[in-house]
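Below: one structure, written as structure tokens.
First chain written, first letter: the chains are A, B and C, and each begins at residue 1.
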Amino acid sequence: MLLEVRKLTKRFGGLTAVADVSFGISKGEIVGIFGPNGSGKTTLLNLVAGLMPPTEGGVLWKSVPIQGLPAHEVAASGLVKTFQNPQLFAELTVLEHLHIAAHLELKRRLGWRRLATLVRPDLAQAGHERAAQIVRICRLEASRDRLAAEISYGEEKMLGVAMALMCEPELLLLDEPASGLGAGEIENLEAVLRDLKAQGTTLCIIDHKVGFLGRLADRAIGLHHGAKIAEGAPDEVLRNPDVVMAYLGHSRDRI
Amino acid sequence: MRFQNRFLFFALAVALLALPLGVKSDVVLTILVFSWLQGMLAVSFNLIFGFTGQLTMFHAAAFGIAGYATHLSMQHLGVGYWTGTVLAALFVSVLSIIVGTICFRFRLKEFYFAIVTLAFSEMARLTVLNWNSVTNGTLGINLQEKPWLFGFKVNDTVSWYYLSLVALAVTLLVCSRLVHSWMGRCFSAIRLNDELGDTLGINVFRYKLAAFVAGNFIAAVTGSLYAYYLGSLEPGFLSIDQSLGIVAMVLLGGRSSVFAPVVGAVLLTALPHLIHFSAEVRSIVYGSILILTILVMPQGIYGSIAALLRKRHAS
Amino acid sequence: MGQLIFGQLLNGAIIGTLYGIIALGVTLTFGITGIVNFALGVFMMLGAYAAWYFTDTAGLPYPIAVLCAVGVTALAGLVADQALFRFTRNNLVNGLLVSIGMIAVLEATALLIFTATPKELHRVMPGVIQFMGFVLPKMKLTVFLVLLAVIFGTYAALTRTWIGRAAYAYAQNPEAAELMGVRTARLQTGVVVYSTALAGLGGALYASLYSLEPTLGSLFVLKAVEAAILAGIGSVIGSLFGGVILGVTEGVGSIYLPLAFRDVYGLVFLVAILLFMPAGLFAGRK
């Protein structure tokens, strides 16, 4: 088991955002977590990524608890997360983003010897090659040298995924990667994520878009009011009466 | 383009090296020595401010403390000038690690970082001002010794010209290597979006501290050279005005490149000497330049020219 | 000894209210425009010299001179805002540097015009009040009361009037406030000008107590910024208390501790507050 979530609970004052959720993620699978808006998905992801302390329960990453670790150490241990709203360096080009994200690769490969690259810049070359490769994987070739401020929303989200990939994640946590994307862009994203799975990257995707997750995930987890209401094969979970109620009940409330 | 740049660079280096052969005026050379030293100070400040995005007000303190520390270690430890300079730079580095750790551990940013570093700088200045038995207070210290280099005493203006030029060149080389390396990319990440940098595995605290210490180290070396060229030391070295002068040089030159602050340093150092200003008028000119630069060309001279060239290139 | 400590307490409190009135300007300007206006120090200096000019040279009675000085400073504030500060809204570093540039220009100009020789105002309101065996100069008491009245008046205006609520709304959420009809540009200019007028008032009252030098504002504004941060930026009454705490600490501290380091005590205090109570002493109170 790569990641183990045990009886995780998070309360903000009187509001319980995540209630007693347990699940595990094994190497090589794609796990989809879905639920209607406000079901606690993003909070769950932040808890899993170690970005906030839980009220109760815990998360074991490769059998070691990660709560309370600074974000850069979590990333260094191979657990990388993307943002729902893309976070970028506005003044830099797409390729420069990836060069910054090459930091962990360089650190793992050279350790303290990376100080030597200050004298011999050629030692850092491998990271640049990897960046070029990931630009291709993520279909970002066309905008490689454009500034982050000038690219489309879909490209921004893809750049977020690309930077996370540069960190050589063992588990990639994607926070609503498809939200705000057009149909063509979603197709593109699906292709990229399938490529990643083929290369053995473990993925955990959070989304409220059921169809997208249903096509991609090996296993699905349904979330409602912060609690896990179903787990299993995606099409089974989608037929689960509680899940149907959660979605339809919500949409009926809205009308 | 690449070749052109290299040629220009080479021509500039030759011209600067050959300059004392043609220019015999001691006044011009003196102005240039001061310009190169101020340039070092501005370039090192820009490593912290322009590249890592931290508005430090500790730079004058690093500069001034190093002068005193060099003098004191030469006097009390009996070491030579260069060993004294190294000791002073190490002492300043230790101080920077302490100040930097306090500021960055508590995640002070922007204005709060500026205010706290200013506070530490003022504490240092008041200590120097009031510790009469060691620093001779307001009166300052006369420095008679001159550094020796390869068997030569660095005494006349021409030898100081070369010493300061080489020191500036080394500073530019080191800073340029640093900025264009992976560490420089960590600095950019911190300046532009430190939260994102953190999630990409960059230890924000460590690299903020690295930039702060590296910048102050160079400022310390500059302070030691400056004091011994000038031949005197006084608490004014550590003053707020000194820090603001550095900020003005960097803004005028431009903060987006390693070399640009030198342009600002040369202009602001040479200007008061070329035209005879009273202290008040000089202050007015400085202030006006600061205001105009920010409002009219926030990228500085270098940045504005580079943008112009790029536009022409594109059209 | 009792008289000494009491005297230092009183002096500290008066200097503290002066810090407080500038700190109020710092806090308001920061809340609405997002910049720290160090130039408030030179507006204070301007107010002080204007008050001196209107009483000594123009021969106006002191209270009228103070009003004229406040008017002059506010006008200068309006010009500075439209010519300079307008372009630095919400850009902290640029705002800081522009205000520092202004200090350099205006202080040097004042030096050229008024020279470094201290100017003294003729004693405005001589005489003292005897109170429980302590001696209180009348003028100091008046200055203290006027400043208190202005600070509490500002507080009342901010909490009770439409303009005040608009300002609060804007400080909390600029976009929402704009959608609800707050005219942003006017509000910002208004607050910047009001802050400079407060600094001018501080300067004009200062002129009746102490001698004037062109650099008087620089030290004061640093203290005012310290006071504003001590209190927690954004707190109106807090800026008064921040100022008084700072003034009293310095006054009483200089009896027991070396005078040379007087300006450090506030800084040490400030660093400690920033590190351990980053929201300020009066966090949560508005």
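Here is the rule we go by: a residue touches a chain if its C-beta (ideal position, glycine included) is under 8 Å from a C-beta of that chain, and two chains touch if they have at least 3 such contacts.
Just so it is clear, the structure is predicted and the values come from calculations on it, not from any experiment.
Engineer: Name the chain whose C-alpha centroid is most distant from the C-alpha centroid of chain C.
Structural biologist: Relative to chain C, the chain whose C-alpha centre sits farthest away is A.
Engineer: With centres defined from CA atoms, tell me which chain sits nearest the overall protein centre.
Structural biologist: Ranked by how close its C-alpha centre lies to the overall one, first comes B.
Engineer: Quick check: how many Å separate the C-alpha centres of chain A and chain C?
Structural biologist: A distance of 50 Å separates the two centres.
Engineer: Counting only Cα atoms for the centres, state how far chain B is from chain C in Å.
Structural biologist: Roughly 34 Å, centre to centre.
Engineer: Could you give the separation in Å between the centres of chain A and chain B, each centre being the mean of its C-alpha atoms?
Structural biologist: Distance between chain centres, rounded to whole Å: 43 Å.
Engineer: Identify all positions of chain B at which a residue touches two or more other chains, and write them in rising order.
Structural biologist: Correct list: empty.
Engineer: Within the complex, which stretch of chain A touches chain B?
Structural biologist: Residue positions touching the partner: 70-72, 75-76, 80-81, 83, 87-92, 96, 99-104, 106-107, 114, 117-119, 121, 124, 127, 163-164, 166-167.
Engineer: In the complex formed with chain B, which residues of chain C make contact?
Structural biologist: Within the complex, chain C touches chain B at residues 36, 84, 87-88, 92-94, 96-98, 100-109, 111-112, 225, 229, 258, 260-261, 263-264, 267-268, 270-271, 274-275, 278.
Engineer: In their shared complex, at which residues does chain B touch chain C?
Structural biologist: The touching residues are 55, 102, 106, 108, 110-112, 114-116, 119-120, 122-123, 126, 129-130, 244, 247, 251, 279-284, 286-291, 294-295, 298.
Engineer: Which of the residues in chain B end up touching chain A in this complex?
Structural biologist: Contacts found on chain B: 177-178, 180-183, 185-186, 188-189, 192-193, 195-204.
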